[in-house]
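Below: the structure, in structure tokens.
Labels for the chains are A, B, C and D, by order of writing; each one numbers its residues from 1.
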Amino acid sequence: MALANPSLGGRPFATPTLWAAIQYLMPGEDAPEHRHTQNAFRFVVEGQGVWTVVGGDPVPMRRGDFLPQAGWNWHAHHNATQEPMAWIDGLDIPFQYASESQFFEFGRNAVYDDERITPERSRSERLWAHPGLHPVAVARTDYGNPLLAYKWEYTNRALADQLTLEGEGFPATVEPGHAAVRYVNPATATDVLPTIRAEMHRLVRGHQTTPVRETGSSVYQVFDGSGSVTVGDQTWTVTRGDLFVVPSWHSFSARSEAGQTDSDSGALDLFRFSDAPIFEALHLDRTTAKGATS
Amino acid sequence: MALANPSLGGRPFATPTLWAAIQYLMPGEDAPEHRHTQNAFRFVVEGQGVWTVVGGDPVPMRRGDFLPQAGWNWHAHHNATQEPMAWIDGLDIPFQYASESQFFEFGRNAVYDDERITPERSRSERLWAHPGLHPVAVARTDYGNPLLAYKWEYTNRALADQLTLEGEGFPATVEPGHAAVRYVNPATATDVLPTIRAEMHRLVRGHQTTPVRETGSSVYQVFDGSGSVTVGDQTWTVTRGDLFVVPSWHSFSARSEAGQTDSDSGALDLFRFSDAPIFEALHLDRTTAKGATS
Amino acid sequence: MALANPSLGGRPFATPTLWAAIQYLMPGEDAPEHRHTQNAFRFVVEGQGVWTVVGGDPVPMRRGDFLPQAGWNWHAHHNATQEPMAWIDGLDIPFQYASESQFFEFGRNAVYDDERITPERSRSERLWAHPGLHPVAVARTDYGNPLLAYKWEYTNRALADQLTLEGEGFPATVEPGHAAVRYVNPATATDVLPTIRAEMHRLVRGHQTTPVRETGSSVYQVFDGSGSVTVGDQTWTVTRGDLFVVPSWHSFSARSEAGQTDSDSGALDLFRFSDAPIFEALHLDRTTAKGATS
Amino acid sequence: MALANPSLGGRPFATPTLWAAIQYLMPGEDAPEHRHTQNAFRFVVEGQGVWTVVGGDPVPMRRGDFLPQAGWNWHAHHNATQEPMAWIDGLDIPFQYASESQFFEFGRNAVYDDERITPERSRSERLWAHPGLHPVAVARTDYGNPLLAYKWEYTNRALADQLTLEGEGFPATVEPGHAAVRYVNPATATDVLPTIRAEMHRLVRGHQTTPVRETGSSVYQVFDGSGSVTVGDQTWTVTRGDLFVVPSWHSFSARSEAGQTDSDSGALDLFRFSDAPIFEALHLDRTTAKGATS
């Protein structure tokens, strides 16, 4: 179920560069192994128990987990639970379609039995998810992000830590009441994918972000909480699970207005992905954010 | 108490580029705030409860923790416990002395009372010790490593994970029975200090490393376990706490021979620091390690 | 007069990323000052005496000269001769249109009288066109190529030198009979523009290039000589002044078949520009060229 | 004939990192082929007709030419003239000695007859000495500077162009009356050697440079003209051929006082080389120059 931006000529594209789709996998369902040049990620909205097999490494998925997959890696997936699951698929399909750089190949027909296990942590996490530590034996990575899962547990703690530091009077947040982390490739400390930036933002109850305009487009999902967002001249309310787009050079602001049925924290958690790495690599990035150079 | 290499003309230098000293701090003792261009680190050998204040951020220290400090950051330290403590001080003093790039300044006379707390985690760790996550608000760091402590808990787990992966048949270790992690700057994914590389190696009981020659010099400390080491033509036994040097282009091999009184794991844990970043930055690195280009 | 690729939906785009147009300027004609984020260049096909004013620096233009202009620099032009002139305008308009990163501003209405001179060399060339030499005073350039003209004299000599070296038995050419130079930013040694690569190829009489497929699209102009080109399944003859396109992942080969009316050298000189920097920056480059990694 | 700095313990070192020697080669004299890890260059003080063979490429030498040689390239030299010749040999011997990274090998015993020619331009210059142009066939260089000679003709013209631009009111010089160019690797646009920076400075008659302090050491040679220099507290007069050293963090200023017997231009031409790339690579550079960050 792909988002289709009505201003993009009928194609199922969320923005001129990004594809976003909600994917459901039924219990026991497999998807065959394949690979493509498109850079991709999954962000889990609901459920747990499904895993993705990337290069033969089974990666478990739970609500809030972020799973990047750099282009041209073999991958498949399998739902080992009794319940359906939902995640966001984000890819740079529109960009690669427009620039004519897409390649695709099918791999093995079946997932091996020994890949059907559901490990607590993938092999990639056991090698690469230790803060500030690189494995000496595999320190050089040819291409692509070696860390295949960013667990919600760490993301949530990093956001909470920023707000605690802010409460103690130290610089940590984007602005008071607005914490944010960026997912990065631990082997290079650059964006998690060559063409896609991904971030998680947390706005405390009542906080409204300062409007910012940037070149490049973003897709947001309300991961938790509710509130209102203003894009250009339009304002609307959003709640858990909603997806929306901020087009290039449109002003954006969000307001946290969590209600009774929202999470205990009362915060608005916004998952964001954008094409910022393309703009930065080609010197086309421009912003009105304070302190930024245009 | 600095190591003096007898071949270096009477100066208290461990190698032509590196300084190594064992430092003891008595209960309640303070060291006044200062800064210097030398890149430095502490690696805690015994004890806990002392903290270092770097840029006003109190950083707790426990056995096995690694605390880097890039040049020209203000720092002081204080022993809040009832017991003495010991750590290794590693610096690039000989290199900066030889190249005449040293600067030093005294800072505040006293440590502020609100810096005398002993937090569980420093502010730097709360901002930067989340695997694969950067704070958006402070993503650009001008200079120097923003992560001021690498806790033993993470280092130990990363080494154990590598050996488990090896046992499952996956590539993870330097060679069978030899796990190793490198401390890196999470903001840049490069060596933890501009002139100093630091690593922790774990050799399982009975493992002997393949001899390797490299340009550049290293200092090792036996963090845990015991065994024997061969440097060039000489072999000797080492045990917990021992320090030794591997000079440039001298063959090095270590053998794990943990005895009854050693740690449960029976492994030989070797902390290593070297001047490799200097050699790599200036294209002077050369090695006989398998698969390496000289 | 812009090239319109019929497969690109009626827009005047040469390829999905590149715009190519032949521009004629009448004697005495001025174009007012403006700037835009699009990266642009001019390559002079016929005539001389016109100059471009970039940031107040008058740059003379003659047949064979290549004049790059990184985005967001002020520029204007003026024809100081009694004859019309023709050049190729190459820009990344389709790419910036698709990614929604375009900005445009008008500048001064008039060109100043002291800019109407026709210098032998622009200020930019006097600062930056000395081989292997940087001005110490302006060694750091914020953004954009500081060298505003690549004179035909140098390009021609570099190509001739490669063929002479080949004749002496030394490696210099792409393949025997095929010399090629790439225009680079002398301050960074990278492609001449962030999104556009430009090259001049010389095929000696009778030489046929080995077919190559690459991701990304190219526009070629026959600068001198004549021959035939094969793109995918189609082959046609080309002669001086002809423009043609090689789409992404289409095999390309050219054959030099200079006739009696062609230049003395009998060589086929092909000017080429492409979007290769976009593909390389985003790890989407792929080629079948010998020795290349896909 | 090596410079020995009396403060460096009796070793023939000009500074803690740099070696400087005046070398004379008699008519017909050969030096056998060898290579070493030390980065080296020659700067020709007097004479012409000698050439260096680097990797089998004969490189002619004339007064004012600068010939870099990155470490580990085979080289030899031969004097084909009837007169002796003199040049400065500059190397990073003290640095590599101190850091224990030196390697040396002998090569062929004899220079081949076909290498005894004296070409007008070396092969390296025919490939790489075209401003802003890279050979496509050899665009990637593994290591080391591919341009083996920087002819005085280009250096002189670049300096003259800067002073002309200054006279026309445009920014080009370090300060009024002080032109300067830096020799760079054309393939990378970085310093000409990994550990050595080289520059030529021209001070018009009567100009005195603003005093500057920098970390790192420099060696200067008066290439032409005469004047006085102030290093720290000491001032002395210098004339053509004189060599002197500016130690780390010592203030330096020069004054052009060309007399009747000096060159027509009346300018003071100072050749300078320093260890700045070492300091910049390791974040140890610091300066009091205007506008610089320390």
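Definition applied: a contact is a pair of C-beta atoms (placed from the backbone, for glycine too) under 8 Å apart; a residue touches a chain by one contact, two chains touch by 3 or more.
The model shown is predicted, which means the values in this text are computed figures rather than measured ones.
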Of the pairs A-C and C-D, which shows more C-beta pairs in contact?
C-D
Are the two sides of the subunit A and subunit B contact the same residues or different ones, given that same means over half of the numbers occur on both copies?
same
Compute the centre of every chain as the mean of its C-alpha atoms, then state which one is farthest from the centre of subunit D.
A
Separation of subunit A from subunit C, taking each centre as the mean of its C-alpha atoms, in whole Å
39
As a quick test, compute the distance in whole Å between the mean CA positions of subunit C and subunit D.
34
Output every touching chain pair, sorted by label.
A-B, A-C, B-D, C-D
Tell me, which parts of subunit B touch subunit A in their complex?
123, 126-139, 147, 150, 154-155, 157-158, 161-162, 164-165, 168, 170-174, 180-190, 192, 199, 201
Along subunit B, where are the residues that touch subunit D in the complex?
16-17, 37, 71, 95-96, 98-101, 103, 143, 194-195, 215-217, 247-249, 275, 277-279, 281-284, 286
